[in-house]
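To start, the structure under review is shown below, and the notes come after it.
Chains here go by letter, A, B and C, matching the order in which they are written, and residues are numbered from 1 within each.
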Amino acid sequence: MSAFANILAGGVFHAAVLFLVAAGLQLVFGVQKIVNLACGSFYALGAYFGVTFLTYAHQAGVSDWLILPELIVAGILLGFIGPPLERMLRTVYDRDESFQLLLTFAMVLMFQDVFKFVWGANPRSLDSAYLVYGTIRAGDFSIPVYNLLVILAAIGVAAGLGAFLQRTNYGRILRATAENRGMAEALGVDVRRIYATVFTLGAVLGTTAGALVVPTAAASLDMAVEFVVEAFAVVVIGGLGSMRGALAGALIVGLIRALSIVFFPEVEVLAIYMIVIGVLLLRPAGLFGKAAA
Amino acid sequence: MKLSPAATAAIGGTVILAALPLVLPPYYVGLMIPFYGYAIALLGFNLLFGYTGLLSFGHAMFLGVGAYGAAVMTGVLGFKSFELTLLAAVAASALIALPVGFLCVRYTGIFFGMLTLAFGMLFHSFLFKFYSVTGGDSGMRVARMNILGLGFDKYNKIEFLAGPFYYYCLALLLIAGLIMWRLVHSPFGLHLRALRDNARKAEYLGVHVHRCRLAAFVVSAMFGAVGGVILGFRVGLADPELVYWTQSGQLVFMAVLGGFTNFFGPVIGALSYILLQDQLQSLTEYWRFVLGAVLALIVIVFPEGISGIAVEFRRRLGGTRA
Amino acid sequence: MTPLLETRGLGKAYGPFRALENVTMTVNEQELVSVVGPNGAGKTTLVNLLTGLLKPSEGEVRFMGADIAGIGPVALAERGLARAFQLIQIFPKLTTAETIAAAVVSRQNKRWRLFSSLSADGEVNARVREVADIFGLTHRLDTVTAALSQGEKKLLDVASAFALDPKVILLDEPTSGVATADKHGIMQTLIAAAKQAGVKAIVLVEHDMDLVAAYSSRIIALSAGQVLADLPPDRFFSDPHLIETVIGKRRGH
């Protein structure tokens, strides 16, 4: 029973990280209609940089208690890649979707070698310093407090993003631009600024998610390309462009992975693809998305 | 007899390709075998992308069907005939492409791309999960086969690949090219291009949009399988990584590099990519970065690819002559 | 004589909103029936129902006696009902000849010829020329349609529909965007072309009442989803109340 609970907890942690990346994807798709194949690369970038950042911080004598905020800072710092990449994408906004996909694919290729160049071909990981936060135990069930904190952080981000989009003026402008770019422009919205901001925000969400994951998993070259498929699964199941969809999709994918490890180990990854295919065929809009093409 | 530019290009290209084994060192000739494999696969891919307007991010799965089909035919079933293997691979890919295509072609754009990516990865995970049959990570061996019933036993593998098999592949490419040429210039080809440009209007002009797309999907799968057999045979191995989504991305890269709006574009793209990759790999360990930059450059500045540049060049040349 | 196209008690509701209600109309051979009405009156919905794009919520729509509810554009084209659009629809990368040929291929049932050369097909090419000649597009046959003028695109749009050899053709505001001076010329070309092509009836959706008055055999006026009138032009235009509802106050010219 508690083994089950442990696995579920792992699934929720995974879902929290997935949600962050998916939220970034949804924002970018919702506002700019771009499907970012390089989201996995942002994730990996955050992970690698997180390792480096923490290692230096540790050497500089910074207390291990600050690991969580440090990782968040690491993720946010990487936001600087947002504007130049968006600038590159800007050249293909008005062209066929295929070109956007291809350009983000080009980014994936380039990022792979950037990782190799800066961090080498071997996976990088941290020691178990994150356990400084301790572990919560209840009988056989245990969950590192760190994981709980990340889950809480993800919930916080979800709530924050939701409030931001629904309640603030800027959020309304974002939603208006997503709904109808031409109209927004006609009403005086600086769409270019919005696109740059949104893309950067999406990048930061991705890099922060990657940074937050490194205490529990190694940063590796495979990360970037493997993660894309899962992130897409989340977005498809939840519905393209929907924040609620990102949350729901992340939970579903995270839990399914966790459950299938327990009950159907052979089916693990297959299960997710089958659900993606099923959703795309039966309800292409996903759980919360709008009508599909 | 005046030849069209296309015929001139085709004949010229064939002559050059035929002469290569006589002038190039065996290493380079060996490089050309994957070119033939990819070129044939890309001719099929571009039927779907350039002529029908559907961008598949899962096309590598059909190359996988070809390679694994070859492994099954030679390894498991013990057949030695290359022709028989080709037939089996083509049949298998058509059988798989029918239901997959039927489900996928109801959508276009991003959804089509995502669906095909998902199916491709599904196939990839099948290859891993059924590792007892497929060898999982290590892949499945593809044994040496006879072409046209001849074993060429006197030749070792390298000689075989640089000699008889090279010309065999050239012939396959020519046949594939001829078939594809007739396809795209047929009434069916016209309907494909019409539905690519404006699916709704095409319907009103009596074009069976879904059926045409499905047909294009199945044909492209069959071409992909042929390419996969060649690739698998060359390496002697059917490898699951051949099917990963980044491989599908690489196919798209090749098509765009060569120019997907031109009939010969994909073939040019296959050649350029293979040569480029080979040269880059010997120059730097970070060849992927350069390739990515090349792709970005093409997408942003030269969306019509190399063939587009060539056509533009020729047009300007023609314009300066009074 | 069976009407070519008819509806009986046709209605379409979107939730609580009734776009069309109890529309009964017929189109017979040799007729040019105009459908008029203010925006929002339900013309587009009616056209979409007539061309098999939508399924009615109630009632039926029949073409040549057969039920065509929701059969879709392809099946409809095969049965002989063609439609030309209000907003110009072209195939940007195809030439004029290819655009017309697409329809001809459908009509001559050659769509599954995978290996025969289209350019060598005499039958198709002859028909393409024929249609192009009728519409005065012969000199533009090899031009890519994206490069055509607006007027030529409009003509091509209609020409490609005609190439289907339809028995009934539905023209959706064929002169919209055309200079007033040219409107009559276009209408006359269309009607002459229809006769030449063997089209048996035309359904016209139009805002320009001069054209409607000049060329219709009958006028059907829609208002708020219902049929207000179904009259020949002389009776239609002699009813001031009708004119006011459909067009608004008519100013003296």
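The rule is simple: contacts are C-beta pairs under 8 Å (C-beta built on N, C-alpha and C of every residue); 3 or more make two chains touch, one makes a residue touch a chain.
None of the values given here were measured: they were computed from a predicted structure.
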_Intersection of the contact lists for chain A and chain C_ = B
*Please identify which chain has its centre, taken as the mean of its CA atoms, farthest from the centre of chain A.*
C
_Approximate Å spacing (C-alpha centroids) for the pair chain A, chain C_ = 50
*Can you check how far apart chain B and chain C are, centre to centre, with Cα atoms defining each centre and the answer in Å?*
43
_Distance between chain centroids, defined by C-alpha means - chain A, chain B (Å)_ = 33
*Would you tell me which residues of chain B are touching chain A in their complex?*
49, 55, 57, 103, 107-111, 113-115, 117-119, 121-122, 125-126, 129, 244-246, 249, 252-253, 256, 285-289, 291-293, 295-296, 299-300, 303
_chain A residues touching chain B - in the complex, by the definition given at the top_ = 35, 37, 88, 91-92, 95, 97-99, 101-103, 105-114, 116-117, 225, 228-229, 232-233, 236, 240, 266-267, 269-270, 273-274, 276-277, 280-281, 284, 292-293
*Can you name the residues of chain C that touch chain B in the complex?*
72-74, 77-78, 82-83, 85, 89-94, 98-99, 101-103, 105-107, 110-119, 121, 124, 160-161, 163-164
*Using the touch rule from the top, collect the residues of chain B that touch chain C in their complex.*
179, 182-183, 185-191, 193-194, 196-198, 200-209, 212, 215
